[in-house]
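Note that chain A is present in both complexes that follow, paired respectively with chain B and with chain C.
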Partner chain A sequence: MDHRTRLYDRVVRITHIYLGPAADRFIARQVQNHLGKEPEKLTVDDLVQLIDWIRVAVSLLTDDTEIVEEYVLQLQRLTYPEAEATGKRVSSDAG
Partner chain B sequence: MHKTAVTKPTQTFVSFSILSLVYVLLSIGLPPVAATLKAYHLSATGYRVLVLLIALPVVAMWFAAFYGYAQLEQYAQTIKKTPDGKAFASIGRGLRWLAWGLPITSLAGNVLGGVAHEYPHFGSMAIIVTHYTSLIISVIAFTIINTGTRGLTDATGKQPSLAATRGLMVSFIFLAITYCYVTIRTVQTQAANPYQLPMWLILLTIVIPYLYAWLMGLLASYEISLYRRHIRGVFYKRALNLVAGGMGLTILSSIVLQYLTSSSPYLRRINLNWVLLIVFAVLMLYAAGFLLIAVGATKLKKIEEV
Partner chain C sequence: MPASNENTKKQAVVGSRSAAEERAQSEAIFNSIGDGAIATDEFGKITRINPTALRILGYKEKEIIGKWFPSAVINVDENGVPLSLIDRPITRAFLTGATVSDRAYFQRKNGTRLAVSITVAPIIHNNRPIGAIEVFRDITLELKIDRMKSEFISLASHQLRTPLSAIKTYAHMLADGYMGEILPLQRRSLETIIGATDRMNELISTLLNITRIESGSIAIIPKTTNLVKLTEEVIKGLRHIANDKHIDVKLKYSAPAILKTDSLILKEVLSNLLSNALKYTPEQGSVTIKLTGRNQHLTISVHDTGFGIPKHSQQQIFTKFFRAPNVIKHETSGTGLGLYLVKGLVTRLGGKVWFESEENKGSTFYISLPK
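Moving on to the complex of A and B:
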């Protein structure tokens, strides 16, 4: 298993907390439809764009902004693994 | 795939509309049931007004049932290649049997009742066929639903707790004994045997299959609730709660409805107002269950579409 696949799995693992059995299908669909690539080719560089699309998609499922932000925050931590250790929030909108 | 997704609900609602129209026309047009006229002291006109008042909410309930199963089948179609997709497809098929069972048994009862009115020697056969039609649909529906819910719990790998198993057994024993008591009392106390069958045949071919069907229904209801408790996913779970709650409500009210229908001669002792109130309350719960399934399935489908 290479690094790219591990990253995809980590995104799915976080998503599983929110979308349960639909997580893998959901992330695969976002990557294929919005990033135009196969899920196993997901890279760290794609994450910011992917997170934005996920935020849009999940906002269509719920009005609970708090939980959407919590989900997005967990995904953003994947962008900078060192932030995960310190608990520092990283904004994808910054760049 | 898109063609299937679009045409299937349309076909469902065309079928629903035709069945409803035939049912309302038959309800008004067919001659009144003599036993009911006598039991509730009704005139022929009063009977028809009463039948129409009952037919309209019944048709509304059918609509809820058809809408509920159609939505769940559509959701199952979107995830058909996954293990939970197969399980949801099975649940959808079972609910379809339950939904179609409503107009089929009502129409069979109306048509056969009408034939029996014209040809009284056909009366016994009409009663027997009506009872078995309802029974067969119930057995098939609950068995298929239970196959689906078992598929879901197998996916989570969770076993029912000891307390839950015991609770389920006690509930089922209570249901079985009271149903046997009501059935035996009905046959013994009515001048004309309401089943038109000997007691051993009633117990063997009506009571036991019904109890089997209801056990499957209770198990299905418990298993979907077990799956809901152990599955992860905040948004998924919110939608699933509606489907599970709706299924529980539909299955339990379906059991109560079948219980009341199969012991209807016994109910003639009760005041008509109370009978109507009880039947309407159960029908409303039944419809509410299917509507919850529809709302939950729509939310689950949306997760697969965004």
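Moving on to the complex of A and C:
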């Protein structure tokens, strides 16, 4: 089943920078198992909780807290209403 | 001071006291539990470690607090090779979102290895994950007992086989008339003896296989296998049972079914499934084996028109020693080990096993294996 939505896609796109090809599966599992919902139902309201889970999980893969925070910051930008409304590429915002 | 302010102040004092009490209580629990426990913050840095964990790992508290968990607490495999980050139970738990309970090895400060059973859980505060806790216990003694149990079963099974082999050989020789003429009644008795030794041999093989699966010592030797040929061999081996019960056995396949697997193990799996189907199907029934391929997997289904599995027993069907009550009525022999073994073997082959069944209509068991 194709569970991609615009928001989900953007979360995966950002995650891909840090986790590579595992990004899609990683995010789908975080959404399903921690938020208890299907990826296609991911909303902006879920992002805060999702980011918390991602932070803990990714922090077990690297001790570089700066990288983790940079990744988290990029995800947090997706919670800004204008980013959702305009569909602006947040990863390029971060430079 | 107004009364309401005074009350608020009192409540704050009570509140802070109860929060302090709660902290003290949780600290006391954390420090007194018999299992090792290590807690991390959201960045994987160790925030707390209890005395049991310090004793097991051989560290002092100040040497480990504030360190990044994966580099401070080393997980190794049974050969002492450090596990990759993604293979560690704590990482798997957070990457997959599942609670992980696993066996692993820790490398202690002095470089020695220690077998532990680990459970990992997230620490949740106000509905937010703020870290992780890994709880573990030393299972050195359990592993030693497991090993002794397996060695005992293995030794006992081998020792049982030797006299059985002598019983069977001499029973055959007697039945074949090498030691003089025998009466028909004596022949029937000898055939019963031979049948019983065959069943005993099968039981010993099953016990040995289960021991190997449970101890993880079963070796998988994959080679290119023609599944059609293999299934035909299995059917041939059990044809006499089908003939005795007038059960029609069919093999259906649409294309050559070739896969890379351990053919001996797969043969054992198929023999178990077909023998079950024949055992639990009444006379004049039918058994159909279908081989189908899709993408990277091959599926084998064994369908019978037998007694079926009652709904209330279906969850336990792959459990060790379980036999559904409806088949015990019909067929008294059986150990309840066959399907447990099938599941263990299929899992070792990297496949899956499942079934559909309706009481008094029949069952279909499916195995899916990677090509």
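Everything below uses one rule, namely that the second predicted complex is superposed on the first by the 76 of 95 C-alpha atoms of A that agree within 3 Å, B and C clash if a C-alpha of one lies under 4 Å from a C-alpha of the other, contacts with A are read in each partner's own complex, and residues count from 1 in each chain.
Convention: a residue touches a chain if its C-beta (ideal position, glycine included) is under 8 Å from a C-beta of that chain, and two chains touch if they have at least 3 such contacts.
Everything quoted here is computed from the prediction, not taken from an experiment.
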Could you say whether A:52 touches chain B, chain C, both of them, or neither, answering first, second, both or neither? second
Counting only touches as set out at the top, which of chain B and chain C does A:61 meet: first, second, both, neither? both
For A:32, using the defined touch cut-off, is the partner it touches chain B, chain C, both, or neither? Pick first, second, both or neither. second
Figure out whether A:7 sits in contact with chain B (first) or chain C (second), or with both, or with neither. neither
Give one of first, second, both or neither to describe whether A:21 is in contact with chain B, with chain C, with both, or with none. first
Going through chain A, the residues touched by chain B and also by chain C turn out to be 26, 57, 60-61
Along chain B, where are the residues that touch chain A in the complex? 79, 82, 84, 155, 231-238, 240, 299-300, 302-304, 306
Within their complex, chain A touches chain B through residues 16-23, 25-26, 57-58, 60-62, 67
Okay, in this complex, where on chain C does chain A touch? 42-44, 68-71, 85-86, 88, 90-91, 94-98, 122, 127-132
What residues on chain A touch chain C, complex-wise? 26, 29-30, 32-34, 49, 52-53, 55-57, 59-61, 63, 65, 68
